[in-house]
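In what follows, subunit A forms one complex with subunit B and a second complex with subunit C.
Now for the complex of A and B:
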């Protein structure tokens, strides 16, 4: 936890310091006339980056969760292999290819990036939700039906709360995937931490490329650190839902 | 209270329940006895429509359950299963409150009811109300399961091998608790088990199922008298049939009207012949004294009468 907060703080300080370190970039790249990235504020880029990743995760969560609920209902059980292969296929397409394919339809900007990220992040949500819903003990469901709960109430009050820890794990994976992948959106003109990389490559400005790459990678590391913390079994048990096996 | 009329259930080619007609009188404990796969659970689950019959009909209080809305029907029928199925993320009190809350009782009434029920099933309300299911032993969990089934005071209770997963001591404790609750509340109970001893301990009437068919029904005493051959004999175990029969007969029926001698071991007047035999073996005594109680004037039970042909 302390490690994560320390890393996060350091990251923010570095973002604030980067435009003021002209001498450093000058020393590293003596042949470049404008080595300092100053087209946009790093914090604005970070905010847009996170908005894109969060938005995509939210949409992916809605889609993945709906598909998982459908696949675990008696009526939807037949659809399960189909849904699973659809979502697997969606994730198998590299985001850069998804963006390229979406460009002619959706134009430049955030939209094709959002689409690519949703396609990429929906699978872990669906897989984890299916696993969580499947793991609800049959006896609990039998008892719930036997006490006269309807299907909707059983889903809302019994199945989803019991599956929640597993679903949360899937959501965290989806969020980390999205944060780490958002940078490719810069090729479609979405503003994010990848923007200096793409702009730098286009202009032969390796200083911008380096700065963008460092911050993109750094943010992904922080997200991964947070994910590991969230998946720590000791912490997960404390919410009372994952009862130790008797 | 419950009437099965020519009820069958088929799963493809498999016949799980085959034309069963059976009546369970109001206020009695009817035990469905059979080996696993005999169709006893399937038959029971047709009462609250967890299984629909392929043919025939099930009447509760004279009404065909097929005409009832399943959720409403189930809220009026207590349901207890072998694996208990407590909701692991809810405290004991919330588990018990399930049906009253579904029925829209106000919070104060629900809270009072939870405490009454915990007391009824022999658990200290203050101690257990706020525990989670994983903090309970197997026996405690099933007591909570029983309390949950009784919560809205349903006239009818379905119990599917509720004590089969418990160790013998705990099982006997819960059997006698159920007997007491039954005497106190007068519920009609349909009880499924494969355990012969348990069936004889609890049953007012017994219904024996074999391969989906009802092969015998009646009081345990009459059933064992006639069980000379066939599936009933097999289910009760042919070697121990005579022993089980003793369990269905009162010891006082064979007592000689002699004044009970003080030096003999004492047997309670309501004991069965099986309990008498056990006491004789335990005490190494061929005679037992039975004190007077109610209409019974007291007397002495002799080993010779126990083994005499009847």
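Now for the complex of A and C:
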């Protein structure tokens, strides 16, 4: 916890200090005339990055959770093969391809990135929620039915609480994935911490690339660190990360 | 990717209801939607030139288009009917491939018809209906395969074959995608081989690092902890940031030792891309190698030691043959990831199919984006299918 807070504080200080460190960037990249990134404030980029990632995770959580609940009901059994096949198809399409395909339909900006983020973040949520709901012992459900509980109450009071740890693990994966993938969205014009990387690459300004890359990577590390805090020690080591798509 | 429990689940449920597999409903709904999609969303759109936005046109009615359209609808119906019997699911997959190819043929022929008499700069592109139908058919085929191995191998192989035949017969030549591909033939071929080289090089590099380290980690738990910590740590860093971080040091290295430039090592180019991609492959490879090497149970290993086998012989005769299937599974995940990650290499001047994608993004040219994305998707599906087949063969041999 202290480690995380320290890291976060250091990150924020570094964000505030970056535009004032002209001498450092100048020394590292002597050939570049404008080594300091000053087109946008780093905090504005951070805020947009987080809003995009959190918003996408929220939508993805709603979609993934409702799909998982549907697929684990007796009536929704037919949905299972579809979820499996969607999952394996999505593995074959890298997020940058999904963003690029959405671009002509939705135009430059945050929209194509948001769509791709929702699609990719919904999958781990769905997977883990299905696994969690499946793992609820049949005997428990029988006992609940025996006491006269209806299907709605069983879901709300028995199944979801029992599946919660697994669902939470899926949500964590989704959020880390979203924070990492948002950076790629800069290619399609989404404003985020990846923007200096893409702008720098386009202008041959390695100093901007380095600054953007450091902060993007740093944020991802902090997010991962924060989300591991809630995990129990056993999980924390083996972490239940699903095959990462990037 | 945890296929085992899912597969077990499928097997048991399949036994319960052997008549209509549980895939049937999903396949039927998806295929029905696929059959409707072109009628609802349009078959073909035509633009007076490359820059003006395309407009939907009605499907030209000729004998050829009607025949192909009929074939498409019959094939869709066949998918729905065949999927009702578990043993026929493979054939349902084949029918889905037939449906896909006949729909593409309809649109290719319609494009030729629509462009007859039009100016040579006019462009005919498939409307949203084709793309939606293709996606739905692929998902339906995936559902058919969900009970087996998860990858619709038959569907993929037959679709690729069918599309190749259509291409060779010239049925697709009038689509704007094909025209763009013809105009950029050399560029696309170069990008394709560059992409393969990037992904293959990264996979090779990662294998060369992961294999010896896994063998070492098998004996020393401290090496294992370190290897897994490093491999896990890299996974957290977004690829675009890692590529960016590698550029500076490699540029400095090349400046310090200019001879390295001759080897293609520098801040911009394939070197940081290959290095970056391979770091992400460490985790799937190392964890699968370690798991594979541990498939042979300690009791069996002890017995072998008791018989006087050397550690080398145990590795060659027990650990490797028994764990080969699991290890191939890791290579499968890594190969698919490498192909996807190589798309970003173009950002740092590494070339590959991503170069077409980014050029397309810059010009907002859908055809160009598709020319980059479609081969990437095809490559990763092929790599996944190929590795899955290899894995199955290795596990059967055991």
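Convention: the second predicted complex is superposed on the first by the 228 of 246 C-alpha atoms of A that agree within 3 Å, B and C clash if a C-alpha of one lies under 4 Å from a C-alpha of the other, contacts with A are read in each partner's own complex, and residues count from 1 in each chain.
Note that in this section a contact is a pair of C-beta atoms (placed from the backbone, for glycine too) under 8 Å apart; a residue touches a chain by one contact, two chains touch by 3 or more.
This one's a predicted model, so the numbers in the text were calculated from it and none came from an experiment.
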Open item on the list: Just checking: does A:188 make contact with subunit B only, subunit C only, both, or neither of them? Give me first, second, both or neither.
Closed with: second
TODO: Check the residue A:137 against both partner chains and state whether it touches subunit B (first), subunit C (second), both, or neither.
DONE: first
TODO: Tell me which partner A:78 touches in the superposition: subunit B (first), subunit C (second), both or neither.
DONE: second
- [ ] Identify the partner contact of A:201: answer first if only subunit B is touched, second if only subunit C is, both if each is, neither if none is.
- [x] second
Open item on the list: Output check: A:145 vs subunit B and subunit C. Expected answer is one of first, second, both, neither. What do you get?
Closed with: first
Task: Which of subunit B and subunit C A:217 touches, first, second, both or neither - done: second
TODO: Return the chain, subunit B or subunit C, that is in touch with more residues of subunit A.
DONE: C
- [ ] Report for A:158: first if it touches subunit B alone, second if subunit C alone, otherwise both or neither.
- [x] first
Task: Doubly contacted residues of subunit A, that is, touched by subunit B and again by subunit C - done: 241, 243-244, 246
TODO: Show which residues of subunit A lie in contact with subunit B when the two form their complex.
DONE: 137, 139-150, 158, 161-162, 240-241, 243-244, 246
Open item on the list: If we count contacts the way the header does, which residues on subunit B are in touch with subunit A in the complex?
Closed with: 48, 50, 70-76, 79, 81-89, 98-99, 102, 132-134, 145, 148, 158
- [ ] Can you check the complex and tell me which residues of subunit A touch subunit C?
- [x] 28, 77-82, 84-86, 88-89, 91-94, 96-97, 100-101, 103-104, 108, 176, 179-181, 183-184, 186-188, 194, 197-198, 200-201, 206, 209-210, 212-214, 216-217, 220-221, 224, 239, 241-246
Task: Residue numbers on subunit C that touch subunit A, as the complex places them - done: 1, 6, 22-27, 29-30, 138-143, 145-147, 150-152, 232, 235-245, 247-248, 251, 267, 280, 284, 333, 336-337, 340-341, 343-344, 347-348, 354, 357-358, 360-361, 364, 366, 369-370, 372-373, 376-377, 380-381, 384
